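Two complexes are shown next, each including chain A; its partner changes from chain B in the first to chain C in the second.
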Partner chain A sequence: MGPLTYFGEISTEWNYVIAIFIGMAFGYIMEASGFSSSRKLIGVFYGYDFAVIRVFITATLVAIIGLLYMGYFGWIDYSVLFVHPTFIFSATIGGIIMGFGFIIGGFCPGTSLCALAIGKLDGWVFTIALFIGIFIYSLVFPLIKPYYNMGDMGHITISEYLNMSNAWFTFWFAIIAVAIFYVTSVIRKKVKEVRY
Partner chain B sequence: MSKRYILLAVVFIGSAFGLVVLPDKHDTKQIPAEKFLIEIYNPARFLSTHQIAKRLIERDPSIFLVDVRTPSEFEEYSIPGAFNIPLEHILDEEWVDYLSQDGVDVVLYSNGNIYADQAWMLIAQQGIKNLYIMKGGVNQWFSTIIQPVEPPETASSEAFDLYAFEKAASIYFGGSFANIESATTTPIKKTVVVRKKKKKAAEGGC
Partner chain C sequence: MDFWKENKTHIYWNPYFGGFMLGLLLIATFYITGRGLGATGGTKSAVITTVDKVAPGYAKESSYYSKYYDEEKNPMNNWLVFETIGMIAGAFLSGALSGRVKFRVQHPPHISSNKRLIYASIGGLLFGFGSQFARGCTSGAALSGSAVLSLGGFITMAGIFGTAYIVAYFFRKMWIN
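Our next item is the complex of A and B:
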């Protein structure tokens, strides 16, 4: 919450309170969108349900457009925003592993907690397995450490990498997003309907 | 395709295009020119040498003197407790904490008014509060505090009161009314700068 400067600086204690409410709202909306069902989630890989990709792209678009407008009006201090460093190699490998885990397990980490919260058994199994996975990962970490930091690109954003202004990047991203919405709706019509 | 989706797509592309056509954002940290002009004409940004001398004698901790002259001039003579930031380095990042202190009046001075005023304009435009200029600079300091001139006999009683203060201040600051002993023991206020906490970057996570 650091960068939101419109109401003055928010203290650390209030940050946690606000974070809890945002987290609850996030979990509620995920559940309400049906993200606690692994059949719905993996529909994106089989082509019968694209809710996941649509929700995430919509969220990204709302966030990016909102952030840029708020920055423009001086409500947000960009310089305080934390940009995660990009490790292109480990991100690619990790993405592939995560993708397979998603297809096999039927959840991503956040949605598994969502399923756990409403008492789904597969959600429980997935979450327990998740922690076992974290434990194993921490044990083998010394072995894979060299790969962990490979392809370091520093704190870079896509628009910086493409040498594009934020506004133009957002504009093209919005067009690509709408194109994805359209293409996914076409694919969905062609794929045989799955009842779940 | 339903109308809602078309509307949503239009809203997204429209608002994203809005970002592209928005005029360039001006730096909101800078004070707008009209407002700044009013501040320039505000005489309250000047402090007289008497006011400053009085606060130094009282060891007022809420005053911070900044000497914007060159280091060699600063070596030659400076007001006790002053801190040297030459004019050409006044915008350097390392002095930001020194120049913007909460609850401390930062007073700039040079030999006359001009360099201090230039420094004031450069810094005050960044929105820094509690920034003052010592009117008349070191020259005025010498002619009022260090070597005060006796007012003519026809002058008002206020002028004589002021002269009495100047004489006392002169002794304090080791000027023409001071004997050698007191001149050597001129107290020098130690400069204490409270550094502001640096804002930590917010860390994120999935």
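Our next item is the complex of A and C:
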């Protein structure tokens, strides 16, 4: 039963080897989907290319449904999976700062690594700046620590928060996803084509 | 060969196929490790290592780094560091197979490459800072968080995309005519 490392079915050494292969698949999928191109990524905000949102939402939906089924079938212990903790204030503000970073820089950290890998100098610059951004954060951390820990809600899931079952939340999320896919395809046809 | 390359450089996967593959990869990652994917975690380890080499002892004292610093263990000896190395290799492989590997700056025709590099550096700084504050970036918080229905994952996802959509109008000159 999974997670394999949690139940000690894989040793730490093998876990690191697996990490490299998982990373390779991650990088390959992103690059093959066109995520090494800032102009393609940014198209999502100007309506000329919706690849980002399609890949992102499809991946989320497939993963949510797949993991829930694996839990139902008893192939994975769903209760021990790492649920990203919710700190309402820092999640919101951090998201807003990253939103500005995305529209100005044209990348997010994973995609900038893909761009760097294929020799795009804007990807190199973004990644170096990313290092500096993390370093600056560590310098000011003592000042913003109270805000960092504000609004701690623990490892809460969105279905718990909305008081729904996981299955119903996933059902509605799938409906919304299909609606987004449809609306974006309509917008895409109306927006002037951008060649890049 | 050149003809073949010329015609493949702009051919990307169908986004729904790419999304499906990424979803399967997320499932596999959770099945094996119990956690999701990440992109800034490995970068953070590299920052900590650099700081520790440049100013020995500082990382241990710093209130932020000390959370991740362990005297017994090299900070580069971390799952996400290995994953990040793999990411670069995988992206290179995909780019090489499609003839996309080339040193260049990609920028819209009306923006000079120097301007593009300045924007990329501002964006990188903001993303680096924001990802630490939100405890993860688009991969670690938004994608991997949402995969197991984390509330914080959905909030961060809405924060990143919502903000970018709201302010896109003001930054349009950077990207479109």
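What we mean here is this: the second predicted complex is superposed on the first by the 189 of 196 C-alpha atoms of A that agree within 3 Å, B and C clash if a C-alpha of one lies under 4 Å from a C-alpha of the other, contacts with A are read in each partner's own complex, and residues count from 1 in each chain.
Convention: a contact is a pair of C-beta atoms (placed from the backbone, for glycine too) under 8 Å apart; a residue touches a chain by one contact, two chains touch by 3 or more.
On a predicted model such as this, the values are computed, not experimentally measured, just so you know.
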### Task
May I ask you to decide whether A:P109 touches chain B, chain C, both, or neither, giving the answer as first, second, both or neither?
both
#### Entry: Touched partner set for A:I187, first chain B, second chain C, both or neither
neither
### Message
According to the stated criteria, A:G101 is in contact with first (chain B), second (chain C), both, or neither; which is it?
### Response
second
### Task
Figure out whether A:V178 sits in contact with chain B (first) or chain C (second), or with both, or with neither.
first
### Task
Look at the residues of chain A and decide whether chain B or chain C touches more of them.
C
### Query
Regarding the shared-chain residue A:S36, is it in contact with chain B (first), chain C (second), both, or neither?
second
### Partner chain in contact with A:L81 - chain B first, chain C second, else both or neither
both
### Message
According to the stated criteria, A:I136 is in contact with first (chain B), second (chain C), both, or neither; which is it?
### Response
second
### Query
For A:A167, is the partner it touches chain B (first), chain C (second), both, or none of the two (neither)?
first
### Message
Quick one: is A:A59 in contact with chain B, with chain C, with both, or with neither? Answer first, second, both or neither.
### Response
second
### Overlap of the chain B and chain C footprints on chain A, listed as residue numbers
2-3, 61, 80-82, 84, 109-110, 166, 170
### Message
Give the list of chain C residues in touch with chain A in this complex.
### Response
12-13, 15-16, 18-37, 39-40, 43-44, 46-47, 50-51, 62-65, 79-80, 82-96, 98, 100-108, 113, 116-117, 119-168, 171-172, 174-176
### Query
Considering the complex alone, what residue numbers of chain A touch chain C?
2-6, 10, 15-34, 36-40, 42, 45-46, 48, 50-51, 53-64, 66-67, 70, 75-76, 80-88, 90-110, 112-123, 125-138, 141-142, 144-145, 147-148, 153, 155-161, 166, 169-170, 194, 196
## Note on the structure
Residue positions on chain B within touch of chain A in the complex are 1, 5, 9, 12-13, 15-17, 19-20, 22, 25, 28, 199-204, 206
### chain B partner contacts - residues on chain A that touch it in the complex
1-3, 61, 65, 68-69, 71-72, 74, 80-82, 84, 109-110, 165-168, 170-171, 173-175, 177-178, 181-182, 185
